[in-house]
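Sharing a structure, written as structure tokens. Questions coming.
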Amino acid sequence: MATFDFQGKSVYFETHGEGRPLVVLNGIMMSAASWSEFVEPFSANNQLILLDLLDQGRSDKMVGEVYTQEIQVEVVAALVAELGLEKVSVLGISYGGEVALQLVLKYPELIDRLMLFNTTAATGPWLGDIGDGWNKALDDAEAYYYTTIPIIYSPAFYKGNREWMENRKELLCSTVFNNPDFMGSMERLTNSAAGYDVSNRLSEISAPTLVVSAQQDYLTPIEEQQKIVAGIPSSHYAIIPGSGHASMYEQPVLFCALALGFLNNTKTEFHIV
Amino acid sequence: MATFDFQGKSVYFETHGEGRPLVVLNGIMMSAASWSEFVEPFSANNQLILLDLLDQGRSDKMVGEVYTQEIQVEVVAALVAELGLEKVSVLGISYGGEVALQLVLKYPELIDRLMLFNTTAATGPWLGDIGDGWNKALDDAEAYYYTTIPIIYSPAFYKGNREWMENRKELLCSTVFNNPDFMGSMERLTNSAAGYDVSNRLSEISAPTLVVSAQQDYLTPIEEQQKIVAGIPSSHYAIIPGSGHASMYEQPVLFCALALGFLNNTKTEFHIV
Amino acid sequence: MATFDFQGKSVYFETHGEGRPLVVLNGIMMSAASWSEFVEPFSANNQLILLDLLDQGRSDKMVGEVYTQEIQVEVVAALVAELGLEKVSVLGISYGGEVALQLVLKYPELIDRLMLFNTTAATGPWLGDIGDGWNKALDDAEAYYYTTIPIIYSPAFYKGNREWMENRKELLCSTVFNNPDFMGSMERLTNSAAGYDVSNRLSEISAPTLVVSAQQDYLTPIEEQQKIVAGIPSSHYAIIPGSGHASMYEQPVLFCALALGFLNNTKTEFHIV
Amino acid sequence: MATFDFQGKSVYFETHGEGRPLVVLNGIMMSAASWSEFVEPFSANNQLILLDLLDQGRSDKMVGEVYTQEIQVEVVAALVAELGLEKVSVLGISYGGEVALQLVLKYPELIDRLMLFNTTAATGPWLGDIGDGWNKALDDAEAYYYTTIPIIYSPAFYKGNREWMENRKELLCSTVFNNPDFMGSMERLTNSAAGYDVSNRLSEISAPTLVVSAQQDYLTPIEEQQKIVAGIPSSHYAIIPGSGHASMYEQPVLFCALALGFLNNTKTEFHIV
């Protein structure tokens, strides 16, 4: 648990364990703290590096500033330098996957293996409208809950985890979505993804890449990952059925299996094919 | 174009053409007027019966009243009686499909063939939260647009029909979603579906039934129609790829083909199987 | 029930009913007789034209001759001329869909609407090997049954129609697959599809086209129809879940609905989109 | 590389590396030797145990004997005892997955984690007919190739690996499928799966289980794995797109990632859900 200075901003990060280093990039509403249940398996054989991007968790807020995801790319690159690492593998989920794609395009030499869960290659007009809808609900915690959460979790998860969902709703509405600081960050983070589009540059990526779709992802639907897979020649593709956008929470065992299995596989070239 | 009295309320309806009669039940935001492009093909060989359910289009508003979809079931049954018809086929989309399912369960003797597009058998907790999100956005036309429309149209449709979508946004925000009367109706209609659940009664249905899913339907996802198909022994099931929830607008040719082909097919028993 | 002369060969055909004319092109093992259960619905509002392609049913056998599907294209064009029709719609299933695609490419002026069920745009190396496997089993009726039938019908159909399948096996093995004339035709028909590939010409097609996949089609899998849909700008696409390659037998009601609904739809241009 | 005695039969096995032990159970045509490319990654952190089931590879042939897969279950249990292991994880692919399911049902105390790739819970009438087709082609190497291989590999793999496929065809037809000993084993192995059905016992399984489907698997289609997942409460489910039945060969990187990630994950209970 530490911080480093990035252009006058304090950036929070944690490292856990030893081994092939893995930087995990959070989804938009998440922070390093969201991964508490995953620290054990992810640090068992690896150096797990968690961080809060700008406007996330314990990193500085960007009040009054307008930025794009490019600044988050620089934050990650600076952290890699700060840690004195030559190369890291990167796992990004959703917003974090978008940052990961821009990172590998700008600093390919820094990236060992790439893992993209529930990620899109562009904020198209549809996703843009969804973001605008989120921004319209910033002033009302319940409105924000109802506008965002059903797009993030699948109907089956909702139905199968009533108590957990109700508790989470209580928690989110009473301590998170009613916090003007958090909501200001959410607005800026949402806006920072507005012009994002790497669709035409995917073929430049040569890092071994794992792309994972959740079959009931209604925020970054399966067709988006199919485009990424079609674009990156070195990609490998898996689908998690029975999961919505929040695949790490809905199917944590599979999430771990895919991420750690791909990260630590000692062989990426097979003579079979 | 006419009206009839239902428990003191005026209900608007239209009939077009002659032949096997078909009652079309609208989705929640729709009205008889939404089907203007479909009148020609649907009335070419059939008696097409369009109506506005209570709180829709030119039918009376239910200001100050609380009701469930059951009242809409009675509206439809009353219209069938009004028209002096013994049996009608029914096509429902979304909200209209929910009314159709309750109609065939309550008045099986009235129903010839049943067609369900983008329909669910229950308003579960997930769909309930989406409805609550819609209700939270009632006071702001743009908020309502951004909260509802991306859940109704697919990303591909958004991308492929930019001008149409922009024009529609302009129209909806300037003349519909900013109309307090319309929004009051939307709130009541949304609430009228809140407790809906016919999951356990599907096996009672014996009418020849067509169930249609749209592959990118993120409001009544494909799993919901799979449950309906599993429940109704006399059901036939098709999937429209490349379409979101608004299948009639996104894939109108297929919508017509499936609906009219199923409605007018002269043979429903084959000795092959 | 009649025949006409095609280059010295007798070609069998039937016409039923009146209305917009539809030519149906058989799958490889089929003949005009295979459609007996469909004559009623298909001729209710249309002129249904059934025929046996060369080496099928009651048309002449091509003993000792080597040919490609191009000759079947000429057979169909000759029949259209024989009937004095200016334009016909064409429905092809499997082998018949391949002939239909080549027909519309060679004689676009003859084709009104096009319907392709369980069709591929090319006989690639995989499908070629399957055909070679069929040809290896020609001398043993049971071998031919076991090699072809499980690729044509879905596991669910097998399981749900045991008696029908057993009776059909008995019939096929005792009177069809043990008939050297029939098996000689099967070999030539299979070989006639060997070099087929219209993949690069699909974009030339402008006829309104319906493409239908069966979700459990293991002979012309869903990916093949996706290529056709991507290639033909004027195509409309539907998927039949719960059906193998023989969609007309496994889901006859949906088969009729899609085919007749698309054929007789009076409107193919919608101002919605 | 060693053998042990099982009821007077010699059973071949290999162990590689150290760590949590994993027994790999081969598909029907495979043997321990088929895994040569996987030994390195699978033994990097685990004790990999490969074996030839009876009638496979270097284990004894069962000439003149009739048996079911139950004997293979006993072979595996005996090997676990031979190695002095208390518990092992088991990965089975296809035939091997069927043996794995029967093993965990008979000897649940022996099984740590279970991984099922391309597996079915029963040899239904459809799969039975496919097996009969294979048996009909035993006497002709090319016939056997054309009857089995296109059902095992996907069309895309065929197309994308022409040279490898052609070389493999040459090899299989000249040295394997023309070997009467091998073909006798294939016949007995195929027959040993004939009555297999654990459909109604899946709920008894409590071992953490990974189930993996290949999206273009036309021998044990995706619906079969969906039944297994529905039956085993402790199951986790992933789909590999772009792969046929031979997922280990078509997508070896994903195969390793899923298998090793699931096997070595240090956490199977998450408090999230």
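The chains carry the letters A, B, C and D, assigned in the order they are written, with residues numbered from 1 in each.
Note that in this section a contact is a pair of C-beta atoms (placed from the backbone, for glycine too) under 8 Å apart; a residue touches a chain by one contact, two chains touch by 3 or more.
As the structure is a prediction and not an experimental result, all values here were calculated from the model.
Touch-path distance (fewest steps) from chain A to chain C is 2. Over half of the residue numbers at the chain C-chain D interface are used by both copies of the sequence.
For the pair chain B and chain D, the distance between mean C-alpha positions equals 48 Å. With centres defined as mean CA coordinates, chain C is found 35 Å away from chain B. Shared interface positions of chain A, i.e. residues touching 2 or more other chains, are not present. If you sketch which chains touch which, the chains form one closed loop in which each chain touches exactly two neighbours. Contact between chains, per the stated criterion, is found for A-B, A-D, B-C, C-D. Interface residues of chain C, counted against chain B in their complex, comprise 37-38, 40-41, 44-45, 157, 161, 164, 208, 210, 215, 236-242, 249-254, 256-262, 264-268, 270-273. Chain contact summary for the complex, chain B toward chain A: residues 124-127, 129-130, 132-133, 136-137, 140, 142-143, 145-147, 149-151, 153-156, 158-159, 162, 165, 216, 218, 221, 223-224.
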